[in-house]
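Labels A, B, C, D, E and F are assigned to the chains in the order they are written; within every chain, residues are numbered from 1.
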Amino acid sequence: MARMDARAQDALRPVEILPHINKFAEGSCLIRWGNTHVLCTASVEERTPPHVPDGEGWVTAEYSMLPRANRERSRRDISKLKLAPRSAEIQRLVGRALRAAVDSRKLGERTITIDCDVLQGDGGTRTASVTGGYVALALACRKLMEEGVLREMPLTTQVAAVSAGIVDDVPLLDLCYEEDSGAMVDLNCVMTREGDLVELQGTGEGRAFTIQEQRQLVDLCAKGIRELLAIQAAVLEGGAL
Amino acid sequence: MARMDARAQDALRPVEILPHINKFAEGSCLIRWGNTHVLCTASVEERTPPHVPDGEGWVTAEYSMLPRANRERSRRDISKLKLAPRSAEIQRLVGRALRAAVDSRKLGERTITIDCDVLQGDGGTRTASVTGGYVALALACRKLMEEGVLREMPLTTQVAAVSAGIVDDVPLLDLCYEEDSGAMVDLNCVMTREGDLVELQGTGEGRAFTIQEQRQLVDLCAKGIRELLAIQAAVLEGGAL
Amino acid sequence: MARMDARAQDALRPVEILPHINKFAEGSCLIRWGNTHVLCTASVEERTPPHVPDGEGWVTAEYSMLPRANRERSRRDISKLKLAPRSAEIQRLVGRALRAAVDSRKLGERTITIDCDVLQGDGGTRTASVTGGYVALALACRKLMEEGVLREMPLTTQVAAVSAGIVDDVPLLDLCYEEDSGAMVDLNCVMTREGDLVELQGTGEGRAFTIQEQRQLVDLCAKGIRELLAIQAAVLEGGAL
Amino acid sequence: MARMDARAQDALRPVEILPHINKFAEGSCLIRWGNTHVLCTASVEERTPPHVPDGEGWVTAEYSMLPRANRERSRRDISKLKLAPRSAEIQRLVGRALRAAVDSRKLGERTITIDCDVLQGDGGTRTASVTGGYVALALACRKLMEEGVLREMPLTTQVAAVSAGIVDDVPLLDLCYEEDSGAMVDLNCVMTREGDLVELQGTGEGRAFTIQEQRQLVDLCAKGIRELLAIQAAVLEGGAL
Amino acid sequence: MARMDARAQDALRPVEILPHINKFAEGSCLIRWGNTHVLCTASVEERTPPHVPDGEGWVTAEYSMLPRANRERSRRDISKLKLAPRSAEIQRLVGRALRAAVDSRKLGERTITIDCDVLQGDGGTRTASVTGGYVALALACRKLMEEGVLREMPLTTQVAAVSAGIVDDVPLLDLCYEEDSGAMVDLNCVMTREGDLVELQGTGEGRAFTIQEQRQLVDLCAKGIRELLAIQAAVLEGGAL
Amino acid sequence: MARMDARAQDALRPVEILPHINKFAEGSCLIRWGNTHVLCTASVEERTPPHVPDGEGWVTAEYSMLPRANRERSRRDISKLKLAPRSAEIQRLVGRALRAAVDSRKLGERTITIDCDVLQGDGGTRTASVTGGYVALALACRKLMEEGVLREMPLTTQVAAVSAGIVDDVPLLDLCYEEDSGAMVDLNCVMTREGDLVELQGTGEGRAFTIQEQRQLVDLCAKGIRELLAIQAAVLEGGAL
């Protein structure tokens, strides 16, 4: 089965990360992943929400799509007075994924908020948000180190994310929007540079899937994530840590 | 490692499903799963939301916790004017899980809404909602068949859900609240009676986890789900189909 | 005129109060009053809202119906971003009724919130909420006494509530849903065990009513409340005070 | 006991109703009742809400206080994104009271909305809203008759409302704000010109009250309402019917 | 071109300002400007919002129309859960205009909120709100001076506002609603008694307008504002300062 | 007085308009105006809001800032459940400005929504939104012409916008954020290519301003707008019409 854009079954779309895209944010990048474009900024605030223990920091994420990020214009959340449930789900995922890369004690009593705003969406916006969000986070941490605000680097590992799916019974890495629309199964992973899992979400949208298929999809994701970690590292000039 | 309640590592808590708990709903049950109690009702309405193709039906779910379902009272969503993001995430999961068991064409142009209201929560409320929600759904479908509203049974399979986690590096099936609070990794599965996956969500809350560990957790869940499917079938007097 | 369920005109439906229904709440019960089922929990918090004078406590109530408590499913408040006005009115009534039974100085600077969640509604949910809510409140007060948090019992009396109505010009005690739907007049009372009124609300829905009729309805309620006070006392093993 | 303003115990404050206060509304008045000033407008719309049977009309009310109607400025509902629960309760009362005076079939498929906006509040705003709202409603009905929109007068009776309370164990008619603040019991009635009750709400705020006291308060209200009906009739030049 | 009400092209509608219209507010007036009636109250609170520097005060405004202020009834903001965008815009304008007349240091750490509630609207409600709002503000400042709360008068100048428009290519002062509906251009000014501009907003609704026309409209407004300043001064008995 | 960036008093910051920045929108551009970056998309929908007369079209705008567009992160509107009042005001301005350039009958019964999302803000975001919004609108109109959806070009003129202000008593064109923060007076204009005014808003933030100053500021804006119209025309390859 040939893919729409003639990619191999285990190939990523072209991924480009432009760091320092925002003049004000402590860390930022624009990640262009095929036709999916996500602007990621990291904002540091010197306070933490009430549920965070004294002496620790907090990393959180917000996710939103611009109204015309998609093929059809969608109404803004504020005009519906309701955060889109899909956005609520995704920003919780991104937050958990990035917290897995941070030692909250080394961060100290401050919050880093990663805003992931999808300027254009063509599938894979949540994994682009994790992957770009990590770069924004790392740049912010580095800046806090350079300014002497932090004495120890709070990052403990590097994380990236990708999805894989089953289309016409064929496992494929990194589905674009059209592939995703016709996928029977969709699974995404967040992994560390050690190759361990941080998050794993799989859904049988068209049919259930076997445990064997699930394993294949995780293996495909692992391959993609290795490549994404390298792209991040190049942008971060040899790694964030 | 001994568990709090002396269960084996691969043992479920006691699960009891009381069907027909609500006089008005087309299908209903109260699922008591350890100290987690969820009231599930299935409500049939003769219309579908706009995004559903003509000639097809829709199954959706809503999830909410009563204010004092937990150790501490929490404020109602309406007093915050905001659906709890965790509830938004869970009800999307329950809806996807149950739709995987239904042929939407056989359901016809009607909506079945599964309301999952947690009267008391002690861990595992989302998997209890899927497992009890399926029973409510099956009872509603059976009622529609008996009344002649439906000619063909829209259920295509049976689904149930359970979670497993890693506590002190030991994989355990079906964590209660205290175990869950201290878990390093938490993974939940929805599976069909054919043993295939419908949903899979894993999170490394305390640490990342290896692909090998992920496989062990899925295997634990598969064992638990086989038992849950049998409990559902007994309540449904030999199966819903 | 024979009633639907062959009750005498001045007879209550069967009322059953199951105490300690919730493992976490300081006080709780499930009140089953005919086919009306309300879960009442009392939650203690060690702070009071701003309007409460220093040194005093506060008792408040929240009321909500589960979506399928009724013959037809209703949308949740949160999906309309609006507390149902009827719920707003009822929870204000329940709060006032229960505060009438409490010495706020003896309660000390703490809040007891009575959550009344209607699992199934067949008429009389507001009076069931007052009557069950009192039991949950009394159990919570007793627990605070037993734990030594309170030195003096803050309850000063016992309260219960019932409604009466005029159907086909006949005064009837404790209308069920079908009777209520056809009632011309509906009146509910909250009374103390001394036989005094705490709240009284009467509405001519189908026609106005004479002062004479109003007095008859209050007398009917007084009879019903005496029976309800006895049921509460039995559950509380001889009374809450 | 002398009252603040030297009124007799069964005397109303001075009440003045200025009709036609709004140039655009189908009916309107400003009711000045002591220092309580409520602007009442009746707006006719040629459609009804979904719950109204075909061929029938609907009368509804909305109630709001201007931010500085009171001794202290209060925030607007919109800044809290929440209708004040007290307003929700009052507008339901006003709506029920006015519907009791209307034959919905004679009104035809149209809605009359009575807006009661409190410009200045000094106690008794809900009863002023009912009493003034009736005048606005009657003027609107008369206008619809004069314009030939209606063939039969939909008003079937005349309604007015007043409250009475117990202050220092003395029953008093028509409490002003200071009296109301110190009242032990507060009871309000809506009655027809036939002397029958449409609504009755009594609350023991400081203590419970006996059935005998309740009867006294209703009798006081009945006296006050007879005077209010005469004031309305004078404004309506001999009655609205 | 003759105007609807036979006014000269540079003539205001009759303007009347009734001070002390509200018993509770620190300052208040009802401004009747043709058929536009706006109730303005000034409320003093002894605190300021967070963005105000220490030692300074704050003046802000809120604007709202009663539902039946207009030819057609409009829904209340709260029923739409949204402040009308037009109201948001107007209250920002009124606040800026009145702050221009106040020395925030002399006001001290307190907030004066000017509530402008339109009882009836016939064009020009925003300029009536500024003009009446100034009177309410001045009366409140005078009261604070008389009570010794303030030692120095915080008012530094006097402000009033009016609009002008182009109808059928003719520049006209102070458009009423019908004129405004057909206007090609609408421009409003806030000016001080020194004749300087504080706010200027012009919109080409039907067509663009030349710089020359813009100057003519400002000149018309300047004439009207001189008359309004005299009306304010008369009400304030020789000026507020 | 030397400006921060050594610009002449009547010089614009560098302005660059990148068209076709969004793959899905009917028209789009990114306008980079100094350090202010606004993404403008035009979305066509084949329906109009209820208030639009039959046979006519509608152009509207929405404006929002990304959370980290500014020096400090701001909370998203949805987390406050409230459209920022400043955004409400700006999007009304942008909508009016762009409608002034369109013949609504030639547009036919369709809506073009211009979304202006500020990626980075350094002063002048509203005028950048008008100026970039016009380009997105023109590109969308051209596309509708090319596709044969429209037979006649609905654009009737070209519009652009700029602001000018008074800093230390010196009139300056096109204030950046730091200049704007210290400005005494701020005035913005929308003008057509014929040199006529569509919108004009001036505010004395630090002091009132004379009519003479107002004229100077409009003249400065007129100069800037001529340059902006040329930049737009170059992007649109000789003009949109």
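One rule holds in what follows: contacts are C-beta pairs under 8 Å (C-beta built on N, C-alpha and C of every residue); 3 or more make two chains touch, one makes a residue touch a chain.
Here's who's who by UniProt: A, B, C, D, E, F = Ribonuclease PH.
This is a predicted model, so every value here is computed, not measured.
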### Query
Both chain D and chain E are touched by which chains?
none
### Query
Just how far, in Å, is the C-alpha centre of chain E from the one of chain C?
51
### Message
Quick check: how many Å separate the C-alpha centres of chain E and chain F?
### Response
28
### Message
Where in chain B do residues touch two or more of the other chains?
### Response
81-83
### Task
With chains as vertices and touches as edges, which is it: line, ring, star, complete or other?
ring
## Note on the structure
In the complex, chain C touches chain D at residues 81-83, 85-86, 88-89, 91-92, 96, 100, 157, 187, 191-192, 194-205, 208-211, 214-215, 218, 222
### Query
Once bound in the complex, which stretches of chain C touch chain B?
22-25, 28, 35, 39, 41, 43, 45, 62, 64, 66-71, 73, 76-79, 81-83, 113, 115, 117, 119-120, 122
